[in-house]
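You will see two complexes here that share chain A, one where it goes with chain B and one where it goes with chain C.
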Partner chain A sequence: MALLTAENTAFMIFVIFMLIYPSTTDEFDLLNTAYFMAITLMALSLAMIWGKAGILSFGQTAFFGIGGYLYGIFTLNVLGSGATWLGMLVGVLVGGVVAAVLGYFMFYGGVNDVFVGLTTLALTLVLQTFMAQTAGPEWSVGEARLNGYNGMYVPQISIGDLPLYGKPLYFLYFGLLIGVYLVLRWLAGSRWGYGLLALQENRPRTETFGYNVRLMQVQVFCLAGSVAALSGVLYASWGSYIDPSSMGLTAAITPVIYVAIGGRRSLTAAMISSMILLKLSQSLASSAPEYALVIFGLLALLAVLFVPEGFVAALFNLLDRWLFRRPDENARGSPGAPARSGEVSQHG
Partner chain B sequence: MAEPIANASPMLVLQDVSKSFGGLRAVSGLTLQVERGELRCLIGPNGAGKSTVFKLIMGFERPTSGSITFDGAGIDKWPTWRRARQGLSIKMQIPGIYPELSVRDNMRVAAQYHVRAGEMDAAIERLLTRVGLAGMSSELAKNLSHGEQQWLEIGMALSVNPKLLLLDEPTAGMGPGETEATARIVENLNADGVTIIVIEHDMAFVRRIARKVTVMNLGRLYAEGTIAEIEGNQGVTDIYLGKTS
Partner chain C sequence: MSDGVFNALYQFQVSFAFLLLSAIGLAVIFGMMGVINLAHGEFMMLGAYITTIAATNGVPLGVAVLIAALGVAIFGAIVEILVVRRLYGRLLDSVAATWAVGLILSQGMLILTGPSMQGVSSPFGSFSVGPTSYSWYRVALGIVAVVLLALLYLLFMNTRFGLRARATIQNPSIARALGVNTAAMYTLTFALGSGLAGLAGGLFAPTTTIVPFFGTNYIVEAFVTVIVGGANALVGTPVAAALLGTINAFLGTNFGLYIGRVGLLLTTIIIIRVLPDGISGLLDRWRMRPDTTRSGR
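Here is the complex of A and B:
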């Protein structure tokens, strides 16, 4: 299969740009970009579960919050040079386990389609409401005060006693973003990924070909929950802080908007769109904060009405037709199209 | 037709199977046995319970009472995917293709658990040739004609290397030419040793392919025999004309 596609080219340009970027700018911008990358991991988790498996989840922010809080609770209680790295692992694992448990009860209980969206939104709001009332001193886990809306102090990821800052932090976040992206693309192009694509179109039919559909739904929900939890860990560490607003209604809908605007069926489109929109959001926040959500809402509406495959994915398709003479594949969501490179190594 | 293997257990046994949906008894005390290598037609008027029998065999529905044995194993508690991995396959009444995927990707989705990755492309081409879709692997499934979509679905059902293939109205909506082609496909499959059960309303098609016919009415087994015996049965004719219940 062709490796020279608009999507792969865009990915390479993105990687090269991100590698050169640190030598062209100051530390403030680098930290800002690290923040974008942390949040973009959540967008990737949503593109995986929504775009590749057809499960619209508003719960990614819940796993984001679980990851962030668990990271903080663990690192505040366990001292030592490797504590923050272990904390990162704990945050991701707990996020994944909570997602697996919730996914088990949802999918084996026959909850599907729009009801998954409602259930996951409920989880997010319940967690936010619960965390909001933890301001009192009685709400602490060992050394970690949860602190309600005052927010919880979280140690930064460190090597020895030295918190990562500047370029090392930037490249850590960049490495994790690209690593997760590549793993997700490989999975999307694997036998399992083809199965996910099939089950989002027709679950009973897919089961007649031997796919354990419910198990696969739990697996992808767990995977996406882990990635969202990693996003939360990186976010909390980046700002040394997390509070319940990171799990609120606005927070829950924002990644859905980023992914819808970019293109949910393409991990690359979702990643690039999320990075650009986060940058735009921050620019608007300083000049015209009241318009940021309005503009994003409008873009999402335009995407849903006129470019349902997403603006960035649509651009990939146009370029594929004009430059690479390939048929329109991103729009129809062939598992191989947005995920060709992984598929090649899997299936030749 | 392949000869049934001597002294082998039947391919499928439904023993006193019933299925109720609330107050509606869709299948009532049905006992049915299909031998290895058989090509059996299941006929009956609308509402006779034929499609429900297929759903029970595939595990989409569980029997209210009774038991189902497939290839010597009790499968009552098996989920659909496990039945599929053991060699049960179905072409459903409502088209079960993936319209947004290419013919090749449709076949690939169906075949992944049953064909090794290195043999995938060759296996897909072989199966597409078998169902008359050679050279169409790059087409999007939604762009195929109705008949071609039905054949694609038969090809997908075949790609799991089935021991028992269930075909629910394979000629629905087809013209005479497509129906004839479908009959040839079904006969060839059976000649290759695949046990097949076909639900069909088109009696000309049934006459063409069937060796043995089972007639259902009101969820029960009404008659069973060769096509000649069934066509000579006045009660069966009356059922189709709505004279008896």
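Here is the complex of A and C:
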């Protein structure tokens, strides 16, 4: 794969910008951007599973919530320095395990496509209704009061007894975002990743090539669930707080919209568009909050109808052709359309 | 009949009615086109708003509900022509697109009408058996659900539309070759399913408060019923509604509303592990046992 593509260039510009950004602005903006990065991890998890494996999951917010709550419950009960880091691990692991179990039931049961979307959406909504009714004092796990819609207090990630704040927090979140992005890109470019690409085009055919399709689906679902859980951990720690609305319907919509607008087939496009749209959504929230979701909904609808690869990814393709004189290699047809021959070898 | 037994029966028929009415429109569209209309909840919301607005302006409730069904059916036809039609063969994209339509609808309604609207009270009053009082209207919902099923059966089995619809479900290309305008069938079916969603929303309107996120109260129930029921709206959906209604009523009465909902989801996850095509898939397999060559719907 050529290194000099619009996608990689955009990624480098993004990294450099994010590295310089802290020295140009104040602490408030840094914290704000850290929040964007926490949510963008969830968009990345969706781009991985939807764009690279063809599984449309509305359950990423459920894993997000599981990660956040489990992190809170663990750190509140296990006090002492280092607990928050262990809690982070616990949140991610539990999110991954729940995803693996649900994935096992779905994919080994032969559930695919639209039904995965429905099942994961049902999971999200049921978890939300369940957490919403935990307001009473009987709903506590050890020291942690779940508190229903009043939200649960969550300790912040800390080194020793000092909660991370300002630049260290920003760079921790930035490091995690870029780390996860690189791991996902590496995985997507591995043999396993090509297997995923194949199975989203045609599952039976992939199976006849000797891939264990169901296992791979469970694996990628578990991976995406863990990443979404990490996103939830970072979000909960960032605000010191989590409540059931973080897994509600509106919350479940947002990553789908960011990824649909940006481009689900490119992790870079999904990441950058999520950061930009979060920023945009915040500026809209101060001037015209109720219009933000309508505008995003319209953009997503237009993207699905007319620019299925996503606006940012389409821009990458254009730049690739104009600046780098490369063939339009990302212009695959719609899912279900046969892949062009020679495509895989082109990447390798 | 003891009070306990009556209470259980009442809870069951209420659960059954709500599950069936919420799911039937979604199931009709899914069975025909394989498309899951994620704006289903918002279509129900639209039905509830039309019903409420009409009813508060003096239209009798029954007529208001029918107006809602018709209005949402027309809206559904427009959505099909503008959006869904362009996404045939791209199922996941149609899911994402209808999802965006739903978002625009609920947020748009929030902007237009504000966070809530004065609802209509539920008619027919109540009756009591033993110490508990029950609503006649909820009993009526059960009856409407059964009548609606009968009407749908007649529509699909005894009319020209039904014949063509079934032909299109079974094999669209052969149906086209025999002169069926399948594109029109899809638009009509989508309108029918949307109209059923509007009808359900209108029927539920007197039982609850009218808010722009009205639909989210019912879509979990609708989704699980369609998942468990499978592709055949006439057979799978009622059986699934009966099964899930039993579980929901039992858990709901004994452990509360939320546990009832969690129970629905867990049941669904277990059922899809065993029956990926739902109940209608199972029935098809029984019916089609000697003939294994049947092509997909």
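One rule holds for everything that comes next: the second predicted complex is superposed on the first by the 332 of 348 C-alpha atoms of A that agree within 3 Å, B and C clash if a C-alpha of one lies under 4 Å from a C-alpha of the other, contacts with A are read in each partner's own complex, and residues count from 1 in each chain.
By definition in this document, contacts are C-beta pairs under 8 Å (C-beta built on N, C-alpha and C of every residue); 3 or more make two chains touch, one makes a residue touch a chain.
Note that the structure is predicted; figures quoted are calculated from it, not measured.
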| item | value |
| --- | --- |
| Partner chain in contact with A:Ala198 - chain B first, chain C second, else both or neither | first |
| Which of chain B and chain C A:Lys279 touches, first, second, both or neither | neither |
| Winner by number of chain A residues touched, once chain B and chain C are compared | C |
| Partner chain(s) touched by A:Leu249 [first = chain B, second = chain C, both, neither] | second |
| First, second, both or neither for A:Phe209, with chain B first and chain C second | first |
| Overlapping contact positions on chain A, where the chain C interface meets the chain B interface | 334-336 |
| Chain B contact footprint on chain A (complex, rising order) | 191, 194-195, 197-198, 201-202, 204-213, 332-336, 346-348 |
| Touching residues on chain B, where the partner in the complex is chain A | 58, 60, 79-81, 84-85, 89-90, 92, 96, 98-102, 105, 108-114, 117-118, 120, 140, 156-157, 159-160 |
| Complex contact set, residues of chain C against chain A | 30, 34-36, 38, 83, 86-87, 89-93, 95-97, 99-101, 103-104, 107-108, 110-111, 213, 216, 219-220, 223-224, 226-227, 256, 258, 261-262, 264-265, 268-270, 272-274, 276 |
| Footprint of chain C on chain A - complex, ascending | 50, 54, 56, 102, 105-106, 108-111, 113-115, 117-119, 121-123, 125-126, 129-130, 132-133, 249, 253, 256-257, 260, 290-291, 293-294, 296-298, 300-301, 304-305, 308, 334-336 |
